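Each structure below is given as structure tokens.
One chain, subunit A, links the two complexes that follow: it is found with subunit B in the first and with subunit C in the second.
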Partner chain A sequence: MEIVFDKVGDLTVAAVPVEELDASNAGEFKRDVAPLLEANTKLVLDLSRLHFVDSSGLGAFISCLRKLNASGGDIKLCGMSKQVRGVFELVRLHRVFDICATIEEAVHAFGPKDS
Partner chain B sequence: MLDGPLRRKGAGYLAAVLGTTVVTAIGAPFRTALNETTVALAFLFLVLFVAARWGRWPAVVASLLGVLSFDFFFLPPLYTLIVADLEKGVELAAFLAAALTLGEWSARATRHVAEAEAGRTEATKAAEKVRDTYTVLVEGMISAARMAEAEVRSDEARRAATMQASLDAIVTLDARGAITEFNPAAEQMFGRRREDVLGREIADVIIPPSLRDRHRQGMARYLETGVPKVLDRRIELRALRASGEEFPVELVIARIALAGPPQFTGYIRDITERKRAEEAMRRLNVELEERVAARTAQLEKANRLKDELIVREQAAAAELASAREREGQIGFRIQQMLLLTQPPRDLSGLQVAALTIPSQRVDGDFYGFFRHENQSLDVIVADVMGKGVPAALLAAATKTNVLEALCHLTALSTSGALPEPKDIVTLAHADMVGHLIDLESFVTLAYARLDPNRQMLHLVDCGHTGMMVVRAATGRCEILHGDNLPLGIRGGESFSQIAVPFGPGDLFLFYSDGITEMRDGSGEPFGAARLSDCVRLNRTLEPEALVEAIRRDVFAFAASDTPNDDLTCVVIRACEQEALLARAELEIDSDYANLRRVREFVHAFSRDLPGSPVAEDDVAALELAVNEAVVNIMKHAYHGRPGQRIHLELEAFPHRVAVRLDHLGDTFDPSAVLPPKLDGSQESGLGMYLITKSVDDVRFYRDERGRNCIALVKCRKP
Partner chain C sequence: MPGRNEPVPPQRPGLDISMSTLRDSIERHARYSQAQPWESLSTRQMFECVSLALRDLLIDRRLETERRYRHADAKQLCYVSIEYLLGRLLANNLSNLGIYDLCRETLRHMGADLDLIEECEPDAALGNGGLGRLAACFLDSLATLDMPSYGYGINYEYGLFRQDIDNGYQKEKPDNWLAFGTPWEIERSGEACLVPLYGRVEDGVDRSGQYNPMWLDWQLLIGVPHDVPVVGYGGRTVNLLRLFSARSSRNFDMQIFNTGDYLRAVEQKIASETISKVLYPSDAVPPGQELRFVQEYFLVACTLRDIVNRYEKAHGTLDAFPTKVAIHLNDTHPALAVAELMRILVDERNLPWGRAWDITQSTMAYTNHTLLSEALEKWPVPLLERVVPRHLQIIYEINQRFLTEVACVWPGDQGRVQRMSIVEEGPSKQVRMAHLSMVGSHSINGVSVLHSRLVQTTLARDFHDLWPDRFSNKTNGVTPRRWLLQANPLLARLIRRTIGEGWITDLDKIRALEPYAGDSAFRQEFLAAKRANKERLARLISETTSVRVDPASLFDVQVKRIHEYKRQLLNVMQIVFEYLRLVEDGVHPAVPRTYIFAGKAAPGYRAAKHIIKVICNVAATINNDQRVKGQLKVVFIPDFRVSLAETVIPGADLSEQISTAGSEASGTGNMKLAMNGALTIGTLDGATIEILEAVGAENIFIFGLTAEQVQAWRNCGTYRPRDLVSGDRRLKRIVDALASDRFCPKEPGLFRSIFESLLDQGDPYFHIADLPAYIDAQDRVAKEFERPPAWVSKAILNVARIGRFSSDRTIREYANDVWGIASVPESSGQG
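Right after this comes the complex of A and B.
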């Protein structure tokens, strides 16, 4: 799947390009997002198109987080629907990920001097 | 009857009449020969006689009759009462006056005579009395004198006779102590002849040398002072026979009451035999006392021993009691841990509650529940003969055996069908009957399987109390029994089961005989009838409230809450049938691409349900759960192989939505899944966790056709 992204300073702002991230496409997402997860990358992931995520989708997000954490980067999620946030909360990932309401808020959360 | 004086007067009057008649009759023929004076004198004499004899009034009558008779028969004119001349009249009057006067005088004289006679008689009597008294006195005096004389004479004789005949020795002494008399009994007693001892001082004859001085002193003292010390009382001394033998005597010494110098008589009795008897008696008494003392000592020793034994026994009893207490506690724990597993609560189609009130002495009551994947519930209620730890252990063993039989037969089942209860019991029994017979024990047991889907109960009743059934439709209550023997009676037993169809709301009660055997103050048991009444009355209560009602009734009846036996019962109610609102099925291949179809299928089904709409969150949660379950099957049951069949079935009820997924892949063991780490370090393995968090019930099972199933239930919020 094609993942569209912008560079804002040293931040990368990308969007999940599907409405549903499940076992059928989570692997594909993981593969296609990987090029964005370079060293020191600060990634803002926009989930506003996403309506459904299952455990595989959650697993893909966790994979991103672990890769960035390992290389000194970081990730912030934004634009979550109520339903998607509900799934995150079920497994308490809302305490693991930084979750912001909007892209601007997420960019801002990385620090004003970088924007 | 006339009394005395009157009769006497009557006699006087009669005498007057008769006398007059007689004088007239005698005189009349001789009238001419007699002069008038003679006749008058005769009449006067008559009057005098009558007066003297009978007193005044008969004399008056005699006078009057004499005058009339004299005039009539003797004075001319004869045979008339006419008085011829004055001379004759005077004569008659004189006669009458003379007669009356004479009569009166005579009567008085007679009275005086009588009075004088009475006085004389009295005087005579007094004189006689004086004379008699005198005579008596004199005779008395004479007789007294004679008697005294005779007495003196007979006293002598009697004394001599007494002396001769007395069994006691009698010895008389004079003032000097010399023997003056010595009777035959004394001769025999002392072995001396009378002639030899007369005149000799008694001290030398019959008093032992050691006492002689005392005797002489006593004698001298008495003669000097006149104050007796040994007289007239019984004393015991020792005496001397001629042979020199000393022997005990009792004696009484009396002073002979005669003037002059004192003389004494001693009456002596040989008391050797008595003393010997007394001594023997005394020795016997001593021996007896010794024996009593010895026996008492023995008894005391025995008592001490007994007390010691009692103390020891009490200690042993206390130890035993505490051992029993410990045993009771162990039994109680065995019972709680192994025997009385809690009834399952989240069954679909059945509600179950159990009552457990253990007695102080644990007996072998137990019950157990086994739920099967097809929603059937197996209930085992049993009672092992006996009490305490052995019964509890045997109960645990029995339960294990039944469970083992169930597992064994389930594993052997090729068709995937559940083994029949009768086969389970038969196998369990075959495994344990030998042991039960060896232990001389047996078990009553009811094994029931309730299948809420087919609404059928199968019961294997092995001599248990029976199963009470209350029908919801009719409220009728019946107790069903099977006809099997208890377990452990004989080997090779094959057990049979009965099938009992049931409907929604029907109630089943299994109970131990501890409940029906609970007794009131008069010893009457609670009984199955009261239990059945209680159950029928409270049949609309929830099972938990119903067992509480049973408990309350039983305790109220027995007026006690400490039963002798365990009270156990199990209540099961078939739930009211839920109306199926909607049903849908979907079959997919094992392709992740189908996940969206699955979610849409669930979403569409939930959204279009009749009745209150399912909340959006609940639809999303159910979608997620079903999605994860399908992923689970694809990943773990089919290991990612495509083209495998997965079947979904959705059913909607007023209060829940049920999802059933079945497949032919590998069996999934949810217990092997580790709890996920929720710290972001774990990329996979969240699926199972998401499922359990998203729905109200998850069950993995194999159905009767051998398919692996996942059942999910999402409750609908009202």
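Right after this comes the complex of A and C.
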């Protein structure tokens, strides 16, 4: 899947390009987001297109977080629908991810920009 | 004494609707729901149209009810039950809306017959027996009393099996009650909820470094709510019964589908939807299967999600949750609700454990429905670990905190700690769902005075020692709308004409009938109604069993689930005694008698299915023996269900409530039968004891061991049924006859093992011990029935003194003592 991204200073802002992230496409997402994780340590993921996520989709997000954490980076999620937020809460992942309402809020949450 | 013939204005006039409006609505549904003119519809389609027209009225009333509750910001009850035995709804809804006669007349003008249309409706048999029917009666009472409440359950696609009798053997057939859909349900796809299950819990830390267990790799089910409107008598209040259907989270896996493996693609979808496919056909024998456990979890997860969503929408934070919501656990099937609410509060809403526990305990209440050890649910720990791993962690935490409290109260009492633990240790660890329910609830009750006492002194003695104030009794009740007004229109009409209509919503007022027990004209009318009901029942018996019975004979009725403790065999043994006395000794019974049985045996319960075979074979032998000359008849009516009960119960003269004392939690058939003027022959068990107190000892036939005597026999271990039989000629004759091939000539030896094991394996339900007293009591019954005026007086007094067994009384007690909810009548919601 094609993951469109923007650079905002030293941050990368990328959007999840699908409405459903589940067993059928979570692997593909992990593969296609991997280059962004290699090249960046601060990632904002915009989930505003996403309407449904299952445990495989959550697994993909966790994998992103772990990779970034391992290299001293972080990920912030934003634009979550109520339903997707509900799934995160269901399994306590809302405490693991930093979840922001908007891209701007997520960018701001990373602190002052380097450039 | 007020004049019987003075017209009494109806207390609740019901809906103000004209014949032409109703007709227009029915015809509109013929055109736009069936796409046909009314004249070309089948009776089944007519049923659809009438029901949909009625549903429109119910929806209007529902919206008004909702507005009223919202305006009052009223506390709501959420009644959670794995079973609801609703029966048919059309007649009930018409009757409660107060437009039954109007609808009949409207349909007559449209060339249709309401009776035939009613017969098209399949019973909604989403339950096994008493527990599910109690839940249905409670819904009727809650709506009639204008009490804000939701019922929560599962929308089983297949209800309780349909029972055929083939050569005396029970055959189970699927009951696909939703084959043609149901007009009553309103699907709410927009309110579907997500239910995770399976997977694993991974220990981790959250962003602030705190311990944070994460539930990963789960599968997802979708719970789709279907609302059934429940209208109270008078039509003012319409509550909802919300039933959840399981759907897979996706239609099917497109990736698998695209590779051409269609069957595997739909496999997951089918597996998910199996969860709400079939009602487990037993509430007494734990099936020990994963599906049942998943059903229980599915119900709880959907219910709690729905409750919390609704609450948060109206109130925001969950701090005041217990002041606005009461959750009632109808037996232990929804016990996981304790862990699920804790999970939501702690995991999702970040509440500290102590605060979450206060909220949970203040919200939950639990009713125990059985003392039978085989019906007390325990689930293996590995099963919970696999299906609901996070809930198991929460249960361990609840248990650890609880046992610390126990150890503080009784330092060093390790035995008590082990007995009270939610988790039963041993070679195979199990979670005791009754313990989870009790620990997580602020209120624990039994369902009759005796049963509640036994709960406190035996089953939950340690818990009662710890929290005596949490325990209470709430004797069951039945709704007089379904079980008298609707099921027995002839008697209901006579009562309305005699004492007015107040009893319909305040059953204590039926006591005004008492003086009429001595009024010979009233007795005649009462007798005429009973006779007509018996003729109706005789027709049903002829249609379903091809046996012709005499409506003048004593109709002796035992209708209930088939179970050893309910002792249908005791009845059979007494029948054989009567039969042998007649054909061998030439002693004719004092009155001709028709013994009527009906009931289903759980498919996996071999002993119960054998009992049906015994009844049917004894029936065949007696009914075909020319020497009997119609003095005795025995029938087993197949496929007992609510709609059948509505014909059987009004036609009964005698109500058999003969369970082993201390076994039946309450019984509600005993109440329905007495309410319809049947005299009870019974043991001192369940609510029959309270029926004795209510109707008076002279109007009931009590016999047999008490619960204490049964327990004493069990404790001392000296009960020797074989010795009793050897020492009593009557008993020996009965047992010998039943163990011989006399009643099974074509299948020699068929019954030998049943009756020999009764003697050799200790007769755990004390048939032999109680049989002599039962025979004597039946002789007293026959003598009384010989004197119709006296019998009818007693029957009238049974009806007149049945007031306390209305489910309205039960609901008021729960509302005041347990739930803290109040009526929100029409006038309170204005503004």
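In the analysis below, the second predicted complex is superposed on the first by the 110 of 115 C-alpha atoms of A that agree within 3 Å, B and C clash if a C-alpha of one lies under 4 Å from a C-alpha of the other, contacts with A are read in each partner's own complex, and residues count from 1 in each chain.
In the analysis below, a contact is a pair of C-beta atoms (placed from the backbone, for glycine too) under 8 Å apart; a residue touches a chain by one contact, two chains touch by 3 or more.
All values reported here derive from a predicted model rather than from experimental measurement.
When the shared chain is aligned, subunit B and subunit C each come close enough to touch A:A23. Touch criterion met: A:S63 reaches subunit B, while subunit C stays clear of it. In the superposed pair of complexes, A:S71 makes contact with neither subunit B nor subunit C. In the superposition on chain A, contact is made by A:G86 with both subunit B and subunit C.
Of the two partner chains placed around the shared chain by superposition, subunit C is the only one that A:D98 touches, whereas subunit B remains out of contact.
Shared-chain residue A:N40: touches no atom of subunit B or subunit C. Of the residues of subunit A, those at positions 20, 22-24, 52, 54-55, 58-59, 62, 83, 86-87, 90-93, 96-97 touch subunit B in one of the two structures and subunit C in the other.
Those residues of subunit A lying in contact with subunit B across their complex are 20, 22-25, 52, 54-56, 58-60, 62-63, 65-66, 83, 86-87, 90-93, 96-97.
For subunit A in complex with subunit C, the residues that touch the partner chain are 20, 22-24, 52, 54-55, 58-59, 62, 83, 86-87, 89-98. Interface residues of subunit B facing subunit A in the complex, by the touch rule stated above, are 591-593, 595-596, 599, 617, 620, 623-624, 627-628, 631, 634-635, 676, 678-684, 686-687, 689-690, 693-694.
Looking at the complex, you find that subunit C touches subunit A at residues 194, 196, 199, 204, 206-207, 210, 212-220, 249-250, 253-255, 347-348, 350, 390.
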